[in-house]
Amino acid sequence: MDSQFTTEIANNLFTINNLWMMFATALVFIMHLGFATLEAGLTQSKNTINILFKNSIIPAIGLVTYAIIGFNLMYPADCILGGLIGFSGFGIGTDAAGVTNSYNIGYTYWTDFLFQGMFAATAATIVSGAVAERIRLSSFIIFSTFFVGIIYPITGMWKWGGGFLNNLGFYDFAGSTLVHSVGGWGALTGVIFLGPRIGKYMKGKIYPIPGHNIPLAVIGVFLLWLGWFGFNGGSVLSADPGLVSLVLVTTSLAASAGAIGAMATSWSFFKKPDLTMTLNGILAGLVGITAGADLMTPFSSIIIGLIAGVIVVFAVIIFDRIKIDDPVGAISVHLVCGIFGTLAVGIWGEKAGLEQLFYQAIGVLTIGAFVVSSTSLMWFIIKKTVGIRVSQEEEYSGLDIGEHAMEAYPYFEKVS
Amino acid sequence: MDSQFTTEIANNLFTINNLWMMFATALVFIMHLGFATLEAGLTQSKNTINILFKNSIIPAIGLVTYAIIGFNLMYPADCILGGLIGFSGFGIGTDAAGVTNSYNIGYTYWTDFLFQGMFAATAATIVSGAVAERIRLSSFIIFSTFFVGIIYPITGMWKWGGGFLNNLGFYDFAGSTLVHSVGGWGALTGVIFLGPRIGKYMKGKIYPIPGHNIPLAVIGVFLLWLGWFGFNGGSVLSADPGLVSLVLVTTSLAASAGAIGAMATSWSFFKKPDLTMTLNGILAGLVGITAGADLMTPFSSIIIGLIAGVIVVFAVIIFDRIKIDDPVGAISVHLVCGIFGTLAVGIWGEKAGLEQLFYQAIGVLTIGAFVVSSTSLMWFIIKKTVGIRVSQEEEYSGLDIGEHAMEAYPYFEKVS
Amino acid sequence: MDSQFTTEIANNLFTINNLWMMFATALVFIMHLGFATLEAGLTQSKNTINILFKNSIIPAIGLVTYAIIGFNLMYPADCILGGLIGFSGFGIGTDAAGVTNSYNIGYTYWTDFLFQGMFAATAATIVSGAVAERIRLSSFIIFSTFFVGIIYPITGMWKWGGGFLNNLGFYDFAGSTLVHSVGGWGALTGVIFLGPRIGKYMKGKIYPIPGHNIPLAVIGVFLLWLGWFGFNGGSVLSADPGLVSLVLVTTSLAASAGAIGAMATSWSFFKKPDLTMTLNGILAGLVGITAGADLMTPFSSIIIGLIAGVIVVFAVIIFDRIKIDDPVGAISVHLVCGIFGTLAVGIWGEKAGLEQLFYQAIGVLTIGAFVVSSTSLMWFIIKKTVGIRVSQEEEYSGLDIGEHAMEAYPYFEKVS
């Protein structure tokens, strides 16, 4: 009887853990809607269909690609070449053990795949916003497929799949580097290969191109914050009450402090509190806490969020000054604050210390080097073959008509 | 002591299962917002208030009606007439046993009611989109009340309430037929009784009437995908780790493949990738997998989703050619793909086989025959009494002013 | 072995309970997006950025303030002055016991803080809508900080923190009074100190100022309904299957009946079914059931919802007649229906009785007296120092330009 109790109690815990992970999966899924509305809201109404199309098809392509190849690249049975690469074969599937706690105490094989697949697709979505309003649709789809299917899983494996960064001591709880800076580097190289939108920088001046529908952007940021409950909360990989609830607290306090930091900075700097900056402050706080959400005290998480909120405002301004045209601020949020958040693990919290800070820097640099070089190669090949940018005429008239022959708001008069 | 452990362990499992079912209930609830924004987005701005009104009042009327009569029609204690009908009396309520695992190992009586009630209301919401932009509000409310309160529970009982289709061997895991095609048949008869919108088909030509706010439609589709985590995931009727997580994987892969199938088809056919078609492809994949989400391998779910995504594009085109004017494509998505998904159970997955395919066809046909005849009778009576369609003037000027004396966007200039 | 089983079984239950509470926390969080879109949708397009800014920064300020002071004011270790006040010191944090069931059987210390913090911020959000379109941003931020950090926790403590109303026998399950009427009283005093919007009441006539984007309002109401699953369902403070699922049923039926009540009332009264009123009817039903959601039968919850739905329509009309200009109907929904819901505990359900009704009235009155006097003092000080209202020019041209130098929809032509 005793051994039966032991088994049943363990099974119950497995069921609870798996339930939390499925809930977290649903939350990470909804981040894709968050990215869709955020990016659509912060760009022009003539490119809305195009942005929405990209953000609708990315999770679809992402999940299918991850099922075919990505999951088995990221979590191979064995790594070779000193933890640089590994692959367990095409397709997904499991035996009976895969749906019991002998697979993992926290989730089934299926939950594992779906949770990780939802993560993978977010990396491409980060790129989507930065390259908006001038990239060819087909080029973006080709890029995203390889980005989600190959590049993201390879660097993901380096840490989460048991690769060399994991062995080194690099720490990235939920992906400040593995997800956000990976997406951010891909965004940066994309923007460099594409160049700025027509009319953005002329005669040494910066011309702001405002977003067309700010309520959409707000919906996006709130859904992203909600999704981060699953992104960080699910990264505990079980329903552990203390750890998950601490992570939700540090995550929410960092988001809050990020909003306050960006509000205060923009208010001082521009004399008016800027809503877009404040929204990016929320995201900055979230990205900043992601690498160490399980290591921080509430007070440290507020500090990290505040700093991230300040950083993001200056990053947006600086990228604009050096003519890196990122319509939604994705590079500032995901790359800059992703790096900051990764380094923060060595500065605050349980693992703080110079040695850890060094490991964190190694992780940032090696992953950055790999993603910059591999995505640059991809953008280069795309540019030389199918082409990377829409025609000047199409950019003027909008990608909605050019790429899709549709309008997002056909019954409303636009400002001419 | 041992028997106490046994009880406590079972109680814990019951609490976990019930928690998952409540979460699934919340997700199915949010599908109503998904339908509201999808249908509003895909129709004209002069009819937006009216669509939103219908979609806001349907879950309200649906839940109250289901509490008064529907739940007890769908899950009667005993069926009579060979499993054709049954009724346990008006109203809902339970004794102490209803909140323990002696009621059901997976959920309490209250959770059972609410989960099923949220399902029931979706059937009417499916009709809402197809009959949009010309149906009288009062007529639609009358129809919906009877549809949710009487028609849906009767056919639902045939399978899920232990009726004759269940005894026969018909299989419908989460309602490709019991929910989606039921809604789809009601939509089809409604469209036939109403006729097309003025100006849609003139002199042998088809005039497209584009949706007014595509971001709303995208929000709708993502919320529906999210809701399907509860719709299909909750249809396991417990938190069983392996089964629920498999269902989430097959559901998400089918949705993804549906998007890809519809994108590819529309891209080939129209030379441009169509966002609306791609969104309907997601829904097509979801409806298509619903009948057998627990029976399929990941690979089969991708195949089913892909085919559903292709089918939905052609269905939309064909219905337009035969002048079935369905503003949002609800009949193509829910009826056509609902039938396809039901038959798919006999073609792919654990139950595949000619005998099963035959049972599936029987289910499709008997439920189709009942819903077509009963809803036709209802539309006929409504047409002859209160009237079914708004006046020509009201249709021109919009139902928002005509039915509600309100505008959805009073501060924006409309294209004249 | 036996004692180990006992511990493990209890730990599993703790993990389940905490999981439910974290889910409820996520749902209450999403209410902030609901308030943001509801309030933005029901106001003019020239004030949209401002509303969205307020609703984005409130949860941020609310959570940080609650971490610094509010949580320890609301749940002090000891109350003094006969249960009127208490304080456990600044900041949050816990020892190892705080993440086990020795803290509470239902949740960890961290979950407790975050769930309660999400609640706290909603109180300020209620005020936001009522004072919209003419309050200075900085004044509102100052007010909200004190409101969430000091006033809300003090009255919250009176009941939920073990203060004098709790000892008296006052009952408020999830906050019809402690959250909704507290927010409502703050809204009422704010509106009185501010005065009506320019042009609302002229020469004895009432000029309606319609909302600019009704789909946003619908999104808001559905998200609020969804959030109420956590607001009320989480107020059980565990995952108790019977109690939580009953609460979800009474909550949803009251919301549904509220919609039907408001639809019917507006249809009779205005000859057309009013969408805004129906949406407010849903919220009215939700607020109305909140104080006794765990005490009611399904039938009683329908009655309470119906009455609340009728009340809210008349309340909106009456407040307009007495020139209390509340752009979104927040006072009618949260204050009037909050009082009704609190009294309903003495009229229907398990605790019904004259004695209970008396306790309920005492709670309504003492909390009302405290919030009216304390918020009046705050508004008075704000008015005399930084100023409470924007200039007439700014009100005409819109707070978006005046307070933020931004537009919500820069590419769309507005009606001039």
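When the chains are written out, they are named A, B and C in that same order, and each has its own residue count from 1.
Basically, a residue touches a chain if its C-beta (ideal position, glycine included) is under 8 Å from a C-beta of that chain, and two chains touch if they have at least 3 such contacts.
Since we're looking at a predicted model, the values are computed, not measured.
Trainee: Using the touch definition from the top, how many steps at minimum link chain A to chain C?
Mentor: Tracing touching chains, the least step count from chain A to chain C comes to 1.
Trainee: Since chain A and chain B are copies that touch, just let me know if over half of their interface numbering is common to both, same, or not, different.
Mentor: different
Trainee: Give, as an integer number of Å, the spacing between the C-alpha centres of chain B and chain A.
Mentor: 33
Trainee: Mind pulling the chain C residues that touch 2 or more other chains?
Mentor: Only 5, 9, 12, 16, 19, 23, 213, 219, 409, 412-413 qualify.
Trainee: Which residues of chain C touch chain B once you look at their complex with the stated criterion?
Mentor: For this pair, the touching residues of chain C are 2, 5-6, 9, 12-13, 16, 19-20, 23, 27, 44-46, 210-215, 218-219, 221-223, 225-226, 229, 233, 239-246, 248-249, 252-253, 255-260, 263, 270, 272-276, 278-279, 282, 297-299, 302, 409, 412-415.
Trainee: In the complex of these two chains, what residues of chain C are touching chain A?
Mentor: Going by the criterion above, the answer is residues 1, 5, 8-9, 12, 14-16, 18-19, 22-23, 25-26, 29-30, 32-33, 36-37, 40, 48-49, 52-53, 55-57, 59-64, 67, 91-93, 98-100, 107-111, 113-114, 117, 137, 213, 216, 219, 403-413.
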